[in-house]
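What follows is a group of structures, each given as structure tokens.
One chain, chain A, appears in both complexes that follow, with chain B as partner in the first and chain C in the second.
After this line comes the complex of A and B, so read on.
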């Protein structure tokens, strides 16, 4: 492998890894708050990508605004689903597995609604950046990838700040750790659960715009990416925030480098083999966080 | 469920292809029965042992390709290929023994990973599987000198296998083995304290589930007579899981009903065109909300509601002032 391939692989792997991390973070905070494996998270990402693209069609927006529209789209989709479906299911006190299957139903609904609205053809994002490569240490790197890495890391940093310093963020953490104690402290667990879905949706929406700008947007772009984000979250240890972030980055790098080094056909398989190996060696993931077991 | 109802279901399954003579529908019915065999196997894992597996389609695919390759390349008779497919698939499931000790959400993701690995092997090893073009012209099943060429004949073969698998699993569930599984799914520590070797029982479950999936795969290969790796993605695994949960966790008749409903529902909704899959998604969500036990839980739920309505009606007529909510 040449030095050029190494640099390209690093940047490309980090960029796709950031996207996995953003989705995996959403999956993780949902698991922590509700124990639901949210299989529709990839579809929420897709809605974010579509929302950003639709906004671009209407007005020529700068990229940061497209990203914000995507985040709003993802958050809105998530809150609508949470209020209309998941909250009802919780009220009916159905078993957890029923809720998980319902998230699969939601994923089917979202995909097919998106197909009705945006058609079944993959949609190309207009070029968002100047196409000339940026030189870093003598290597030509696509500015697109750099932006994705920068924005991705910025979003994750913001999320950390949100959880550490805002009242709502702290309340959400408390409710996830011990709902009863949080209730005694005056936290409305019902509300924080809804906010959890909103935050997860916003992160997924951002991931959607970033991914769409890298490749394209289509109604079925979400499911496989969502599954991979699940793998990434498991890699880092389901239920840990830093685990989800690092797991996403690690998974992106593993995928990219195994595509370069081993074979493009088996690059997904390498990620899965690594996942299974890691689960066997450390069943709770690489980044173990003491606390609530899932 | 009452034995009478079970017989009724069996009888209606037996006459279905005689009433509906359209070969397309007969084909779809056959697919539904194969789905039911798959769902029965997964029911053992998810419903009885509480092992959330998302890799069942991998075993289904392995069975299908083994059976097709044996009959096409080596001229092995169908019956033998069918049994070998089941046995070899069961043996491959031993690969999963190391991961059965994982907690359930990790197990789900790990089995999903296994499914993706198997799918990529089916897709990329062209010399064995035909790659993305798939395997064409898989021969129809031959049994004791008879060639089952019509959709109806294959349907009855599937039905026979389904009945055998059902009876086998029914016996298994009501044996010591089944009781041990239920103990494990309720409380692992307590079960271990009673001398149940958790890992061994869970591995056996994977073995049995993989065996049934292998048989289903073999049937599918000779029923569809064309194999493509895309039939064995994790989407299929998820579909099988939906069948089991929609049918009702822990109920064997439920698994059969769930499979039939999940396979036939999109066909019946075909007239709604583009809204078809949206409706399908909604129905899955609604069913998950209204019934804890899926379809199998729906019948007792309805009779309960009826009984409650009747009793409250009689209470109302007797004592109008006092109505229990």
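After this line comes the complex of A and C, so read on.
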């Protein structure tokens, strides 16, 4: 491996890892709050990407605004689904496994709705950054990838601050850890659950815009990425915030470097083999001590 | 009692209606052509192109009086791009709809699967854009195709590199890890040998991948002087973008999988300078009179410019109509024999089949300059 490959792999792996992390965070906070494995998280990301793109078609927006529209789109989609489907299912006291299967259904429905609205062809995201690499210390570095890493980290930092220092964030944490105690303290668990979906949707929406700007948008862009984010969340120990973040970054790097070092043909397979190995050796993920949450 | 009576009566009525229906269909004075392809699913856009081109040619023919006074009717069937569906629709077209000849499908796997039905039912099949060589080398005399096969494409690409880039002897080959990509790789390796072109780095990726930095990093670190790529347009556009992001500058050569406008649209500036092999392009069609008249007709009907799928499908339906005309009857095997001998001016140049059922066309090469296709064969020899 040359030094150039090392630098490229690091930046590329971190950038795609940030995107996995943002989606994995959503999966994680939903699991903590509701014990639902949200299989439609990748599709929420796709809706975020499409929302940002549609806004960009209507008016020429700067990138930050596109990102915000994408986040709003993802948040809105998530909350609509929560209110209309998951909450109703919970009210009907449907077994958890059925709700999880419903999330699979939602994922397929969202894909097909997106295909109807935005068509089956991949859609070009206008270049939000200059595409030619800049030379830094003799290495060609893509400004786009750097931006994704920066924005991804900023978003994750904001989420940490939100959970640590805002009343709503603390209430959401409390409701997720011990719903009964939280209820006794006057927290509306129903409401914090809905907010959890909003936050997860916003994160996924941001990931969608970042991913779209890096590659392009298509109705099925969320499927594989969603599964990989799931792996990332598992890698970090399902239910752990910092675990989901590190899991995403680690998975991005593992994937990229297994391509560089082993073989690009089996990049996906190597990533999954790593996952299974980690599950066998450290069943609760590599970034979490057994038995501890958060 | 009444219930049973009613049921018997209803069944009898239904049966008689069905019989009348089929008798009516058989006596109608139309010549039926089966047209199948992916009208839904991921590749729906290519199926839509097939349909537009076939519609155009049939309308034209019917306006001119049809064949032997009979109107031509296309029976469309959706295979969703899936081989198993292609078999089903081909069976339906040949058995129930009694078509004289079939056109379809778009992709190689679907076309290959349907070709078994063509052989069993003794119906000629014209593949619209499947390039896998094995479609025509399985000893099936009923299958023909509109595009040149991948063997010829890859061989012609090696020839083009040898002719215009005589110094390029070491290339990296990046391809999608499925039949399409592997086929291209094998054929190019073979074709390159003749000109002393060696593949020094072989890189693969899975269909639907979006990140190619690992592959491109290895190519950049290899001694390759040029990149040859066997991708479809979505992955191809991403490869082009990441190639530029990594400040790579070697000449790039692609295949027919990227030869559609969406590639340039998705790739933007990053695809400038790419050469690719194509079956048809408005840029290379400038000297082909049949292409010029086709473009004019097509623009008038649909107010847009035809792409390669349109052109291949238009040639396919044109030769099907010619064969039915020449055969002098609607007998399937007579039509097949007439088809094997067709010779006409296609939108891609003078068209003839070889013994396998592959066309003997010259492959076109395009170079992208400022987001536009130009004739790649016009460039001077690169030192």
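General remarks:
One rule holds in what follows: the second predicted complex is superposed on the first by the 287 of 294 C-alpha atoms of A that agree within 3 Å, B and C clash if a C-alpha of one lies under 4 Å from a C-alpha of the other, contacts with A are read in each partner's own complex, and residues count from 1 in each chain.
Please note the rule applied: contacts are C-beta pairs under 8 Å (C-beta built on N, C-alpha and C of every residue); 3 or more make two chains touch, one makes a residue touch a chain.
Keep in mind the model is a prediction, meaning the values are calculated, not measured.
In the superposed model, A:234 makes contact with chain B only, not with chain C.
In the superposed pair of complexes, A:260 makes contact with chain C only, with no contact to chain B.
When the shared chain is aligned, chain C comes close enough to touch A:121, but chain B does not. In the superposition on chain A, A:140 makes contact with chain C only, while chain B stays out of contact range. In the superposed model, A:5 makes contact with chain C only, not with chain B. Of the two partner chains placed by the overlay, neither chain B nor chain C lies in contact with A:47. Residue contacts after overlaying the shared chain place A:92 against chain B, while chain C stays out of touching range. By the document's definition of touching, of the two partners only chain C reaches A:216; chain B does not.
After overlaying the two complexes on the shared chain, residue contacts for A:246 are found with neither chain B nor chain C. Shared interface residues of chain A (contacting chain B in one complex, chain C in the other): 265, 268. Chain contact summary for the complex, chain A toward chain C: residues 1-2, 4-5, 8-9, 12, 16, 120-122, 124, 127, 131-133, 135, 140, 142, 144-145, 211, 214-216, 218, 220, 224, 255-257, 259-260, 263-265, 267-268. Chain C contributes residues 41-42, 44-45, 177, 203-206, 208-211, 213-218, 220-221, 234, 237-238, 241, 244-247, 262, 265-266, 268-270 to its touches with chain A in the complex. Across the complex, chain A meets chain B through its residues 31, 37, 39, 85, 88-89, 92, 94-95, 97-99, 101-102, 104-109, 111-113, 115-116, 223, 227, 230-231, 234, 238, 265-266, 268-269, 271-273, 275-276, 279-280, 283-284, 293-294. Remark: chain B residues 46, 52, 98-99, 101-103, 105-106, 108-110, 112-114, 116-117, 120-121, 123-124, 234-235, 238, 241-242, 245-246, 249, 274-278, 280-285, 288-290, 292 touch chain A in the complex.
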